[in-house]
C-alpha cells in the first residue's frame, strides 16, 4: 500500500528498510539552479544519526549520503533529486530471536497484521531509520526556504517531565540547541533533563517529552482554505513522525482553558504593517499564515524499546509470552526528533511557498 | 487557491460562503447501491446547526439539505453525490460596519491578506457555516462505516475548564451525549460546564474546551506507512476544523510524561485474537490500526467572537482602532464541534477502509 | 468510485445524472478578484446545448446556469465556485422499455457491470449531458487564460468523411466557426459536411469526425517532465470526453510516416526570440511548451444512438435480443464536442499556467 | 517542477539524467508477499536497452538493475521498491560542442527555456534513457497483473511506412515479436520494415511508425467515470512517452469515418457471459472496461537525432546556425518503444486493478 510520498508541488518520496541495502529519498519539485552539494545534506543527517551522545543509541551509523540525480555542476536541475544512504554496521542477529514476538509500543504487530510478510530486522520500514529520507529531503527544503527568508528552528522543551519555563527567544535557541545532548535551548534545563533521562534509562525504562518547532520569516498568505489549512498540513506532517502522539499550534491545548479575550491576538500596526500583539494563534488564522512566527509542539512518547520485561504474544505459536529486549536503545528520542520535526515543517512550508507562488517552481531566484 | 477537497478515494469537495446563496458539498467515491435519503443527512445537520440550545447561537438556520445527484430510487449510484443547503435567515447588515476591521481570532485578516477581495459577511468562506458540507459528507461516511461495523462517537470532555474525570464507556456516551446542550457524556459534568460557560458568556467573553472522538469496530490494518499514517491523516482532518489548536491520539500529551513501561500497551490473546491490555496508543501503532478503539482529542479554542471591546486595525485607513461586536454568539462551540469532528473522523476512516480494500469501491455489499 | 475531479491547482469536480434533478460543477483554484458573471458561463453553455440546429438533438435544454458560491460583487473570491444547472424538459419514459437492454456503443453495459445499480434514464452519469459541468468550468478557465494572453479555438476539421483541406488560419476559424451548424472553419466544407451528415441520418445511421483545438499565446515552459508532460495531460483531458477514440498532437499520426528531416521543426530567430520554422510538434517538445500554437485533434466516433435495429442482450433475462431505438438523436456530435474540447484544453492550460507560476494562484492580476 | 510520479495507488516515481550517476525508480503500492527478483526486472530492461540489434543505437548500456528496498527474502514487503541502474559507458564529450545549440525535435530548447540550468549531456532528464525507470516499474506491474490473469502484449504494426495488414492474433504476436529486430508480429513485414528503415538511415535520416499494445484478460469494471476513464488514463500514460505524437483506442481515428452501425459493437451472449461481436471500442466503453481485449496504438515520430544538417539557434550567441550531429543513433525507435509502451499500459492497469478492488492492496493473493 502506497503512502510514502509527501507534498503536492515539493514532493518527497522515501524508501528503505532499517536493515535492507539502503535508505533513500527522491525529492521532486525543487526549482532549477539552486546550489546544492552532498555536504548540505550531510550536515542535517549528522544531526539525526545515532551515536552522537550518551543520550542516543550507540549504533555507529555513518549515514553517508550520495546524490545520484537532479544536480549538475553543483546546482539543481529542476528534476528529481535522488539521495541514497547505504545501511552499514547492521547487526540483524538480535532480531532473529524475537521475530515472532511483536514488541509492545512498536509497529511490529500492525505491520504483520497488515502485510503478512514483513522484514522483522530492526523494525524494517517502521524503524526510526526511515527518517533518514525525511531529513535529507528536509535539508533541501530548508536551504530553499532560507534563500527565501524563512528559518526553521527546533528544540526540546520538555523531556522526562523536566520542562523549559517560559518562552525562549530564537537567539537563545540558535545559540544553545546544538551544545547539549538534549537539544534544549536552555542549558540548565538541559542538564536536568539529561540527568533524569539517564536515571530512568539505568532502570531499563525510557522517557518521552515535547519538541517545539518554529518557523521565522514566513510570509503572509500561506495555506489554503478548509482542508489544506497550513496548520492541518503541519499537524499531519508532524504526527507522521514515529512516536508522536499529539501536536499543538500556538497556545494549543492551553487554549482550551483560556477565555476568548485572553486567546484572541489583538491586532496592531508595527512599522506600517498589520501584526498581532501576542501569538497565541501560532502564526496561523483560518489556516492561513499571518506573518508571525509559526509555532508547533509535538508530544513524543517514551522510547518503546526498553530492557524491562514486557508481555507480548508469540504470533507463530499464538500464545502469550514474556519479551526481554537486550541491547542498548535511545533513552530518550527527543533530541533526535528535533531535526526530523524541523525537516517535516520545512517540507510543508516549501510546498506551500511553491503553491502560493512565493517561490518560482521552475527557476531558483 | 484550491484546498477544498478531502480524501483520496472517498472524496469530499465543499463550497460556499456563510452569507452567499448556498453551502454545499460533492461526495465522490461512495459505492453504488447504498441506501441513502435526505433524512440520513438531515439528522446530522440538525445536530450541527445553531439555535439548538442556550449554549449555541440563535441564528435560526433551517439547513434543509437537498440531494441533487448520485442517488436514484433511494440508493447511491457510485457517482458523485451533490448536496446543497440554501442560506436563509441571513442578516448581513451587522457586517457592513466592520468590513474593514478584521476581528481578532478570526480569519478576516488572513483572507484579506491572501485574496485581496473577500466576502466580509459573516466570515465568508472561513465561517463555521462551512462545516455544513463536512457534516453532510460525514453523514454518508458514517452510514457506509456503520454498515461495515464501524461506529463513530463524539463528546465534549472538557469545557470552560470543567473536565470529565476518567474515561466514559461507549454506552455512557451513547446514552447521554444528545441529552444535554454540552454534548457531554456525563450529565453532572455537563451541568457544571453549562453553568460556567454561561457565567463567562454573561460577561461578554467566551470559553473553549476539549472534544473527544472515538471509532469502535475499526479493523486492523488501516493506514499506510510513513506519510499516510492513520493518525497523521486523522490529525490533519481534525486540525482542519476551525478553532482547533491541537490534537492528540490515545495518551497524547500525557504520553510525553510517561515511562516506556507505562506507555507501551502490552499484548495479550483474547478469544484467540491478539489485542492489547491497555490502549495508550489510541488504536494506532506505526500509523496502522491495531483493532482497538481509535481515540483522538482536540483542543477547541474559545469562540473568537466576543462582545468585549478588542483592538484591531482599520485596514481601509491603516490605523489602529477598537472593535465592539454586537449580536449574539456561541458562548462555547464544543457541542457544535462534536458532530463536525465525528464527520471528519468518519471521512478519514471511510477513505482508508476503501484504500485498504475493506470496502468494495464499486458496489455496496 | 471517484474520478470526477480534474486538475491539480485549478480543480474541477463535476456531478449529475442526465435525468436527475441537476447537473453541476465546483471549480476550485480560481484566483480571487477575477470578474465573473453567470453570463460569462451561459455563453459557453449555449454553444454546448442541444437544439441549436438541424444537426443536433432537439431536446430543448434551457441549461440556465446559477452560480451559488465563490463570487461576490461580480468578482471571484478565491474560494470554490459552485455552478448548477437544473435538468428540465426531461422525458424519461422512452428509457423504461430499454432499461434492461444496454445500447451498443453506450456505457450502459459497463456501468451496469461495474456498479450494479444504475440510473438507466438517458444514460445517467455517462450521458453527453455530463459535459455541462466541463463547459461551465471551461468558461472560467478560458476567461482566466484570456486575461493572460491565451486564446482557445476549436473547430470541426472533418465530419462524415468530409475534411477541411490544408490548415485554416486562426482568423478564418474565429470568423466562420459559429456561423455554420458544423462549427467548421471553412463555410464550403461545412455545407458538404452537413449534407453528408443529414443523408446518413435520414437512413437511421450516424457519422463521426475530427475536431481540432488550438491554443494561441501559450507561454514557453508549461508542462512538467516525464509523466506530467503537457501533451500527455492534454491527451488525457481530451480522451476523457465521451465518444473520443483518439488524440494527436501536431503532426500526430502523420508523423509516423514522415522522415526525421521532415518532422523536426528547425529553429530560427524571429524578432529576437527563438522559434521554429514549422510546427509539426504542435507547440510541445519533451512535454514542455515551446511558445508556438498548441494544436491537438481528436477522433470522434459516430453518435452511438441510431434508429437502425441493433443486437444486444437483455440483462434481466440474460438472452440476446434486438434493440430498436426511437426518438431523435444528434446525427453528428462534432459541433457540440467543439466547445467541450475547448473547455478541456482550457482546463489543462489554466492548471499548468498556475503550476508554472505564470498565473498568481491567490490574486487575479 | 515535479511531474515524475505516476499512478494513484500503484505509484511510480522515476529520476535520473542520461549522463548522471544513475537512473532509478521507486515503486510504491505493490502488495506484500509477491515473489520478486532482480532477474524479473532485468529481463524487461534487456528488451529496452540499446545495442540489441542493427536497428538500435550501439551504446553498450549494461543497465544492470539493483533492488535496494521493498523486497525481503525474495518477496515484496508492501513498502516502496527502489531500483537503481548505474550509468556506465557514458561518453559526454560529443555534447560539449553542441551544448548551446538545441537539437531540433529534441527537448533541449524547452528544458533550457523552462529551467535555465540544464544537463546538456545526452539529453539529460529528457533522454530516452529516462524510460529505464518506467520499464523497471512496468516489470513489477506486469508480474502483478500476470498473477491476476492479465497479459500485456506489444508490437510494431508500422515502421517507415511499412504496415502490418489486418489484425494479428495474440499467438502470432507472442511467437514472433522477439524474433526480429523490429518487434513486429509478422516476420515478413518485419523484414520489409527493416530494409526500409536501414535505407533511410543510410542517408542520414530517420523513420517513425506505429506501436500497438494489447491487454488480455482485463476484468470488467476497470476505469472510473468522467475524468479517470480508463482510456483517458491510458492515453496520458502512452503520450507521456517521448516521441509519441498520438494515441488511439480500438478503431481510433478510423472510427471518425465509420457509420454508427459499423462502429457500435453489438452485444451477444457467449458461454453465459455478455460480450461484444466486434471490438471497435478497444475494450472500453464510457471509460470502463467491458472484458474484451484493450487495444491502443501510438504514433511514434521519426528519431529526432539525424546526421543530416539542420538549422538551429546558438542560444549563447543568439544567432542562427547549422547543426551537424555526429555519432550513431537509433534509425527507428519503434522496437525499443514496444517494452516502454507495454510498461506504461501495465502501470495504468495495475493501478486501476488496485483502485477497483480487483487486487488486494496489502497482501499478494
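Note that the chains take the letters A, B, C and D in the order they are written out, and that residue 1 is the start of every chain.
What we mean here is this: a contact is a pair of C-beta atoms (placed from the backbone, for glycine too) under 8 Å apart; a residue touches a chain by one contact, two chains touch by 3 or more.
All figures in this text were calculated on a predicted structure; none of them were measured in a lab.
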Query raised in the report: Count of steps on the shortest touching-chain route from chain B to chain C?
Result: 1
Query - Chain whose Cα centroid lies at the greatest distance from that of chain C - result: A
Report summary line: Separation of the C-alpha centres, chain C versus chain D, in whole Å, is 27
Query - Rounded Å distance, chain A centre to chain D centre (Cα mean) - result: 38
Query raised in the report: Could you state the distance in Å from the CA-based centre of chain A to that of chain C?
Result: 46
**Report entry** Per-residue overlap in chain B, given as positions that touch at least 2 other chains
**Finding:** 1-5, 9, 14, 78-79, 114, 125, 221, 225, 355-356, 361-362
Report task. Counting only chain pairs that touch, give me the topology of the graph as line, ring, star, complete or other. Result -> complete
Query raised in the report: Touching chain A in the complex: which residues of chain B?
Result: 1-6, 12, 14, 102, 104-107, 109-111, 113-114, 125-126, 130, 158, 161, 200, 205-210, 220-221, 223-229, 231-240, 242, 245-269, 272, 274, 276-277, 281-282, 284-291, 299-306, 308, 310-313, 315, 318-320, 355-356
Report task. Under the touch definition given earlier, write down the residues of chain B that touch chain C in their complex. Result -> 1-5, 9-11, 13-17, 20-24, 26, 28-29, 31-33, 66-70, 72-73, 75-82, 84, 114-119, 124-125, 361-363
Report summary line: Counting only contacts in the complex, chain B reaches chain D at residues 8-9, 78-79, 221, 225, 355-357, 360-362
